[in-house]
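Got some structures for you, see below.
Look at the two complexes coming up: chain A is in both, with chain B in one and chain C in the other.
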Partner chain A sequence: MTGYFVRRFLLIIPTFIGITLLVFAITRVVPGGPIERLMTQIQLGGETGALHRSQGGGTLSDEQLDELKRYYGFDKPMLSSYAIWLKKVVQFDLGLSTRYQDPVWQIIKERFPISIFYGLTTLILTYVVCIPLGLAKGMYHGSALDSWSSAVVFLGYALPSYVIGIALISLFAGYWDIFPLGGFISDNYDDLSTFGKAADIFHHSVLPLIAYLAGSFAVTTLMMKNSLMDNLSSDYMRTATAKGLSRGESVRGHALRNSLIPVATSFGNNISLLLGGSFLIETIFNIDGIGLLGYEAIIERDYPIVMGILVISSLLYLIGNILSDICVALVDPRIRFGGRGAA
Partner chain B sequence: MSLFNNPVARKRWQRFRESRRGYFSAWILLALTLCSFGAEMLANNRALVVIHNGEWHFPTYGDVLSGKDFGLDYSYEVNYRELKSQSAGSDGSWVLMPPIPFSPLETDLIAGDFPPHAPSLDSRHYLGTDTSGRDVAARLIYGFRTAITFSLLLLFFNYAVGVAIGCMMGFWGGAFDLVFQRIIEIWSNIPFLYVIMIVASVITPGFWTLLFIMAFFGWTSMTWYMRTATYKEVARDYVMAARALGASGPRIVFRHILPNSVSTLVTFVPFSVASGITSLTALDYLGFGLPPPVSSWGELLKQGTENLESLWLVGSVVVAMTVILMLVAYIGEAIRDAYDPRKFSFYE
Partner chain C sequence: MSLLSVQGLSVAIRGDDGVLHELVSAVSFDIAAGETMGLVGESGCGKSLTAMSILDLLPKPQALRSAGTLSFKGESISSASPRRLREIRGKNIAVIFQDPMTALNPVQTVSQQISEVLAIHFPEQSKKCRADRVLSLLHEVGIPAPQERLSAYPHQLSGGMRQRVMIAMALACEPDLLIADEPTTALDVTIQAQIVRLLKGLQAKNGMAMLFITHDLALVSQVSDKIAVMYAGKIAEYGSAQQVFAKPHHPYTQSLLAALPGAHHPPKSPLLALEGQVPAIQDMPKGCRFVNRCPHAADICREEIPPQDITTDATVVACHRWKEIAQ
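For the complex of A and B:
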């Protein structure tokens, strides 16, 4: 099995190259790159702003243009400039942002605390609430608790989280003015006491957290309930009942562990929370996290940042998939990866 | 016909009908979709029926009628709402307007007030107007038509490509399978909304371009499923029997494997429809979707979040999305139950 996971880790490399090459190619062929943006900026007298389509030509001389192209690495054919870019990435150099002229890694790193805050809170709340709720719903299938919580869970399941976010912000921030309109902290954050700071962050994060949670709550709860119900009708539960265990004891001792396996299949992907943050929710609530950074980078054609976020997020995702499989192998001894019959 | 008329399919249909919630949701959604295709008769600034001097006119789908045709002093298109109020007293003329007498692209400015106008029965803007004075209810209906058409077409393309490639992968196996496995792995790891945003931010896509871009990145999920299903079917005895009888490859695929594996795809359809609608709305919301002035839910949501005091903008879209997506989810649940009836039991 070790051999299998080593192979999986090695397979990350071609997949990673494929993903980055494709997106790199897209950023190269589409018009409106940093040079054209600069040219229009000069044309408009230094007025900043993302123009959706920039015209060619301009007031730059040919030498200046060549110099710019060299600076941004646009003077070479695509594959060789991709090779140069890849070589830099391997040396942990993601380049400079074309917008801020700061190292990309530093810009991304500054956003980590926000991502981790929302990621960890969502993660903990999801597991703390969903696993017991799913268990209760599975054990008392058809009860009042089950049907009432189903209605709520189903709403979160059917609606995408950004719609929930928009609904929340317009009701509770726009209409009733209970919560702030967005942001992560207030302007006077530095003047507050420690308790005040915590309260301030909490006050700002209630609405985005609900939006984040709505989606993951529904999926995890339903998964937990369905897997418990599958296990409740299995033979070993009949045996447990036959030898005289009560319902609660047999669930706690036997069914619970087996029902946790499906939840474990996505456990490894939680390392993505480092870079988590949906750009939809972050744009709605104006949270200055990774999602908003990526969204703005796309609008402003700041390709080093776009590629930098892609590098980190795809690596985390690919590694997370493997970690999930390791988790599954750890909790379920029946699963043998890399044996006969595995694809 | 054997795809729908075999005992298994009939039993599944029976079970689908038995879960009342899903069955009724399916009918409601079908009715709403059909209504939206006749949206011109629900929300339009052209009248449904005009009787003028004993002559009947049906302007909804016909030619543009100028004011002169009805004895008015202008030669541009008739304003049917004015025509209706003028002809109210006189005999021989009669105008029947659609329930929402506004077109989705028409700006209706109320004197002494800046748009967005609040909902009111007097102005007949039942859900108010947006920031350029266009009727929200009309835009909701036309936006639903855009979303559901887009989503169904996207589903068709995704499934067509996915089924074709997945089936080939499963049937041929070998190098073809291996190469496409890698391609799909790369494809499905690409953050696809992100890439669409990159592309859409530069080319300002139209309906078909956007559809093509989304299909280009969205076909992979079905492929994976079809590959497994084909692998399973190929190993079965009846395929070997067909081979022994001398059936050609295409015949085995189209007569034997596809009918046996494709029917299960129905269970994925509701989720694909829902995700099509939500991703189109998300792209429109972010401004990377369909170009203005196409009516779309995402564009209304964007206006709503920029004008939070006009609660009717966000409210009507959120309610509409909730209704549609809940219907789709109920249908999905019913289909899943029909295919995989969970007989719940436990021991005590």
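For the complex of A and C:
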């Protein structure tokens, strides 16, 4: 089994190259790239009568164009410039943002803690709430608790997260003024005590977290509930009762672990999804996270940043999948990856 | 006094329409200590519902015991508290099920699952003592290299081995009664014979009684002291195995026996294989439930439920015309 996971980790390399090469190729052919944008800007500038306009009424000379192409790395064939890019990535050099002229790594690093904070908190809260809730709903299927929680969970699922976000802001930050309108920390953050800092972050994060969680609760809760209910009616649960176990004991001792298997399977997927952030929620709550950065980078054709985020998110995704397989192997003894096959 | 006495047991299932259907109707039988009673009938006739209602293992919430009294060693278990019932389950009455593939927990090892039943009923037992008992049980049920099997998961065992594990689990507390619900149906024919032999051997050794359920008449003849033949939720004929096989009174039993390979056909029984089908539960005939397939059916059969007559050789037969048929 260790061999299997080593192989899985090695497989990250070709998969990673495949993903990045594809997106790299797309950045080459999609219209509206950085050079075209520059040319448009200059043309527009020409029409509005800017001072520094070049000869030929707002177009670039061939030399200037070549210069630009070299600067953006568009002068070489696609594969060789990809190779150059990849070589730099391996040395942890993601290049310079064409928009900010700052190192991409620097820019991403600044936003990353915020996205990680929201991602991890959402992930942990999802499991901490959904697993017990799903179990309770499964055990007391049809009870008032089950119906009411279903109503709430489905409402959260049906409403798009930005609608929830806007509703939360207008109610709790606008109308009642309980929580701040947005941002990640207050302006006077640096003056606060450690406890004050934690309270400040908490205060800022309540509304966005609700918006993040609203959509993710339904899937995990219902997966947990259905999985438990399937297991409750299984033959081995009847065996457990026939042994003399009470219902609670047989659920804890037998159904629980079995019903966690599908939830464990979805774990890796959730890791990578949540760390990507959601640009809609980040926009609404004015949070400077990865989701917003990536969205802006695509709109602005800031390809080094697009590629930089892709590198990180694809690695997270690939590693998340392996983690999820490890989780499944831990809860389900029938899964023996790679080694002697299961029956 | 009998070990288990079942009187007038009925089991109903709530259909999708919300209506209760009585799928098992007024079933009565007794099992004496150490005795094997065979419950035989076509699949779907209500054998499992009958057996599962003894320990209240019916599928909930659809199924419920709608009538009848059950007593075990003189104690009423149909009115026992859930707590008392849990004490009896696994300790005094144990069950093995039809499908050993699904009856074991897939994520627990063999030793975990067997020692659990010991832990439930003998909590004071030491871990060491329990582990020794598990090993000797595996040995007893004929599992080769039991030491190595302790840490095996069910999926690593064959169907026959899994059923042996189930048997070991059932025998762990030396129950007075073993309910075996089609224990060999899911297994290969060669394995079937081994499991039946194992059960008979263990039964003789432990002196336990057994309720052996099967749709296989040939099999039931090998193991049972008494048999009850069930048809569409009712007992058609019930008596000593020897009597029922030698001289079946009920037309249904007769046709079942006639259909056995190599059986000499009882005289006056024209039928080899049963024609027609068991009526659906919604349109059960008012009188005898076998009426649409019975070669001896008469008007009275359509109208009136046949009484449970007792024949001269002490078999119970639920047929209006058994006397005429016998002549």
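We take it that the second predicted complex is superposed on the first by the 286 of 343 C-alpha atoms of A that agree within 3 Å, B and C clash if a C-alpha of one lies under 4 Å from a C-alpha of the other, contacts with A are read in each partner's own complex, and residues count from 1 in each chain.
Note that a residue touches a chain if its C-beta (ideal position, glycine included) is under 8 Å from a C-beta of that chain, and two chains touch if they have at least 3 such contacts.
It should be emphasised that the depicted structure is a prediction, and the values quoted were computed from it without experimental measurement.
**Q** Chain A superposed: clash or fit between chain B and chain C?
**A** Once chain A is superposed (C-alpha atoms), there is room for both chain B and chain C without a clash.
**Q** Who does A:Arg238 touch here: chain B (first), chain C (second), both, or neither?
**A** both
**Q** On the A-aligned overlay, A:Leu159 touches which partner chain: chain B = first, chain C = second, or both, or neither?
**A** A:Leu159 contacts chain B only, not chain C.
**Q** Determine, under the contact definition given at the top, whether A:Asn258 touches first (chain B), second (chain C), both, or neither.
**A** second
**Q** A:Arg334 in the overlay: touching chain B, chain C, both, or neither? Say first, second, both or neither.
**A** Only chain C; A:Arg334 stays clear of chain B.
**Q** Could you work out the angle between chain B and chain C as seen from chain A, using CA centres and rounding to the nearest 10 degrees?
**A** With chain A as the vertex, chain B and chain C sit 80 degrees apart.
**Q** In whole Å, how close do chain B and chain C get at the C-alpha level once superposed?
**A** 5
**Q** Name the residues of chain A shared by its contacts with chain B and its contacts with chain C.
**A** Shared contact residues on chain A: 233, 238, 240-242.
**Q** Going by the contact rule set out above, which residues of chain A touch chain B in the complex?
**A** Listed in rising order, the residues of chain A that touch chain B are 14-15, 18-19, 22-23, 26-27, 30-32, 52-53, 141, 154-155, 157-160, 162-163, 166-167, 169-171, 173-175, 181, 226, 229-230, 232-233, 237-238, 240-242, 247, 250, 279-280, 283-284, 294-295, 298-299, 301, 306, 310, 313-314, 317-318.
**Q** In their complex, what parts of chain A are in touch with chain C?
**A** 233-236, 238-246, 253-254, 257-258, 331-334, 342-343
**Q** List the residues on chain B that touch chain A in their complex, please.
**A** Interface residues on chain B, with respect to chain A: 182-183, 185-186, 189-191, 194-195, 197-199, 201-204, 274, 278, 281-282, 285-286, 301, 304-305, 308-309, 311, 314-315, 318, 321-322, 325-326, 328-329, 342-348.
**Q** Which residues of chain C touch chain A once you look at their complex with the stated criterion?
**A** For this pair, the touching residues of chain C are 52, 55, 57, 59, 82, 86-91, 94-95, 97, 99, 102-108, 116-117, 120-121, 153, 155-156, 166, 169.
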